[in-house]
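What follows is a set of structures for review.
Consider the two complexes below, in which chain A is the common component and chain B and chain C are the respective partners.
Let's look at the complex of A and B:
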């Protein structure tokens, strides 16, 4: 009996997250697009949709961790760009560092940037939005140190890293995203780090008083985000075949839209990867569907913005348990 | 032998520089240094007037946004607002509307955009960071859509005057606008009930509500005027460049918010000075202008801006921590 009640309340709490709304939106969208365009529901197109969200998906994996802990990471685009251009320079003809080293160096760069962000935010005590806005500009500038080299990627392994399809249908990048999301879900649910992170996001003062090492866990969350940025940077150079200093510009807003749409609460304490995954598919499907429907390029921006506003408005209405007075 | 009275006087005479004064001091030192290093170009009419014009358009928006940020909210949609206003202005001029009417419509559009943001934050109850990032996309997208992504000429006697006119043939009109906006916001923030309410709300919204302040109304009006200020800034920018294009104001939100935070406004609200914002706007603009003159790559300038932001905020935080430890 007790178990049944618990299950019911668990289901209710699932209903209270934006995930059901998202699934609804997705179904409506699929119907709409497949009725209006005969090219939409083809394997070729679906394949494309899934392969195109690789970079944003990997970035969203890290940002979700940071945001659940009450943080904010706007430096992701620059970090991915930095990891991308450095590894593409290392792969250039004449330098040709061995592939495993390139991956290690890229990951080291991402983690270092995350560590720097985390240290400034926790030890100096600056607001995360301000800190990462600053590091966004700084690391984008660093990317331009190699602007004149224009490196191309000839390394076969790196080329395949973000491009191959398993069984010619299933993009390997989607597999990475699924692995990352499942692993992070398990980590957040079943490890001490995960539970502490949710506690910190819910109420930082309380977490501190309860003896949780708040600073250490927050720093770790930024390092995790940095790690995923470096993977995203490698995916960028793999998919685009070259390294350019501007890669990843503006990714932070796109990823923020996805993560918030997926029901991760700004301010922390709530969020799940299922929602983020569906949001990822929705954003990419909308982009794709609008291309197929010949919606003018510029109107797509309006639609994306409106979608973000709409979803958080619905979320705000749904979670209004008591009257908001101020 | 020193008696008690002299000790008292001595202690009172010990001048404590506040943050705003330090900022202005930094500005003066910077300006002197740049005038020397960047001679003869930096301190010349050819450089100073465009610099001041550019600075005014940033400053007008920053002054009003300071009020919003002191009340604990933020508006990221200003950049998009500038873009949409520029497009709207150019389109209406193309349709042949008289200049004064275009200005009124553009400002009305700004109020409407501000009202929309305000409704989202106060009535719907959405976090203002996310809400205004969403509306930023929407405004800019509408700007692109109505102009079809093209830039359009915006030439008209009234519009020209807003950005490039001179009052009494000497004072550039944008600087008049800037001074007017700063005087008004200074009086509101420091010498009116409304300003006290804004500070109170930023410091503690619940306590303000319980003591009878209509928190939502104050916040809403802040957003309303922030939209109008961004539209005014958009008009100045359109006039300065003589074109209305949807890319206008792209990334300006970061410059403006950096300037405000440099000026000592706390992101969570409750702290902030209009004069500090003025200093912040001047410091960033002068620095940016100097680096451009010295022929430094745009992205390295951004690096400097980012580092300055982090450095300044760190010093604030560390100074505060030291002060807290003392008491």
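Let's look at the complex of A and C:
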């Protein structure tokens, strides 16, 4: 009875996540795309892939924190959109607020939205899906307040913020993502906040009974998500050159797909940024490959949806024995 | 009971394993038409697993099941039900805002007409008939939420026999019942027996086993020890079969000197109980006994700040405290080993180390960073000190046995420096060997100056381990016993007052 089943632990525990399945699919797809399209394996194309996933990657960084704590954030697309359009209005000719202030205001907007989400979820006690579904609509609505302005971004620093390539090959946005993912990995692993977050996601009842300040930690997780929404918003206006009220629409679906494929458990308690990063690259590579192969839009969506269900199904199947205990 | 009546159910060489545990090891039982077969065993002996396999909630690893001589693969609850197997679980599965009749016919509503409209009149009438068979007067239109625990149980039985039940399984049906209610349940069982229903009756109350069963099968640590005719056995023999050792070795109790009062509770009231007063002394194990619904778990949660206190006061070490949250209880050096460790006591996906330090993580390192070496060392010390058997402190608690999991929960509070430790059913779902270790551990703690409040519904356990016992019933205090004056009968009587 004492002989415990120990399969994978430590670094190898990632074998228990959907990541290995995903890597398998990735290899197959890479082979397929590079054999069928001569544009696929060019530096130009790969640069593009990496720069294109900047917004999703930054949003995934925050959502992962929320989801490890057992929460959910559907408002990320709207929040990014709001931070983006407000920033672009502030940067408009005639207003031209100083760049550092624009960044600060954008970050304040994201963090405030996160704070509002967190307070409603913990203090009022509304389910996070419902809460953020509500704030998704509210803040998208607010974005349309500036719908007629069509603010273009002339600020050079903001233009470069999401567009320059280091040494002409390495997109700076990928560096942001790597910094964010590494920093968050360290925070989750080495700080009390991180540990408490995993405890809450693993078993919230227990966390409360152990005297962990559950509400405070959860609110903080939504604020962190809000912060990354602001950054994503700034990246959006930088890369697209203007502020539009619809920017970021639907990003929540794409990002949740990436995060779940990356092995973050819905319900919380488990997840790591290595998996999320791999999922991010794979989803974007596959999207790109299908574009190069002229796969019609409808089929691209079908493939992505099917991939999500397939990978999670394989994961569930592999862990079936593990789950049966409960 | 004679062979001529024929075997309704035969389970042959059933084996079931969970990660790290063999829950059932080659267990076989026979069940005859119109008999009551008792299944007796300690917690963790495999009784529930056997029943869950029969009910289709678990799939067996190997072995065969025969119903009326026909080999039968139970693949899910629906198949078990369609072959006439009905299970009444210890936890009630009634739906509180539906009526008695609606609950009885859940999923099997009577319908009429071509549109299959629900036949309310017919359902109420049939419900009344079913209740009449059991000699019970209950309004079919009553809302379940308004009924007492025992009335809810009667509804469960009515639900089970509303369709032709061939095999009826009752899992600890008297856990929440008073003596009188138990007697009326036995009358119902007798009535069902004469109708030819075969009944499996699970209990660890020996008195009931002698009163109602025809034969009894004893399980221990997932193995079948034997089957006896009830008439030909006696309680000593059954206990010996159950625990596999002498009863004195089962509950080791040593003398620990008892000091001054460390905790005083005066007229405490909250949801589920009112007006409870007691004193807890240094080095003492105070037992709290009560049936299901007596308010004992609510009391514990209130003491720990998880339920809002309405009135009364708690004095710890001479200081009056207002405990509003578990965090405040922790800071007052109170620890809680909860009733359901998987839900309230452990983060199953996390390691032994993380589980031990999680309530006291702010003491690990001065900054917001966790001092990981210190953490590993501290967790390692507890693993050694209280004998948690685990390959390493990194091991997921999920894969530990029940007894070791319980020790991890305890270590968490020891790490937080708890001096008053509340244990709610500390040996539930723990095998016999680990039980003895937990009893010893509790007394070690008392020797080092801690005090313990132990809630237990296992009579032999509370009678052997506690120094003093208070009894609760329906949210009230009913009696206090010095251990020398306490007896099974006395406690049960006070629990039903």
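Here, the second predicted complex is superposed on the first by the 310 of 326 C-alpha atoms of A that agree within 3 Å, B and C clash if a C-alpha of one lies under 4 Å from a C-alpha of the other, contacts with A are read in each partner's own complex, and residues count from 1 in each chain.
Methods note: contacts are C-beta pairs under 8 Å (C-beta built on N, C-alpha and C of every residue); 3 or more make two chains touch, one makes a residue touch a chain.
The structure displayed is predicted, hence computed values, not measured ones.
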Return first, second, both or neither, reflecting whether A:41 touches chain B, chain C, both chains, or no partner chain. neither
If you stack the two complexes on chain A, which partner ends up touching A:256: first (chain B), second (chain C), both, or neither? first
Should A:211 be classified as contacting the first partner (chain B), the second (chain C), both, or neither? second
Is A:178 touching the first partner chain B, the second partner chain C, both, or neither of them? neither
Which partner does A:293 contact after superposing on A: first (chain B), second (chain C), both, neither? neither
When the two structures are laid over each other on chain A, which of chain B and chain C touches more residues of chain A? B
Touched partner set for A:269, first chain B, second chain C, both or neither: second
Following superposition on chain A, which residues of chain A contact chain B and also contact chain C? 324-326
Using the touch definition from the top, list the residues of chain A that touch chain C in their complex. 1-6, 9-10, 190-193, 195-196, 198-199, 202-203, 205-213, 269-270, 321-322, 324-326
So, in the complex, the side of chain C touching chain A is made of residues 18-22, 304, 306, 325-331, 336, 338, 342-350, 354, 358-359, 361-362, 364, 368-370, 372, 389-391, 394-396, 398-401, 404, 412, 431
Sites on chain B touched by chain A in the complex: 120, 124-127, 129-131, 133-138, 140-142, 144-145, 148-149, 201, 205-206, 208-209, 215-216, 246, 254, 257-258, 261, 267-268, 297, 299-300, 302-303, 305-307, 309-310, 313-314, 317-318, 321
How about chain A: which of its residues touch chain B in the complex? 120, 124-127, 129-131, 133-138, 140-144, 245, 253, 256-257, 260, 266-267, 296-306, 308-309, 312-313, 316-317, 320, 324-326
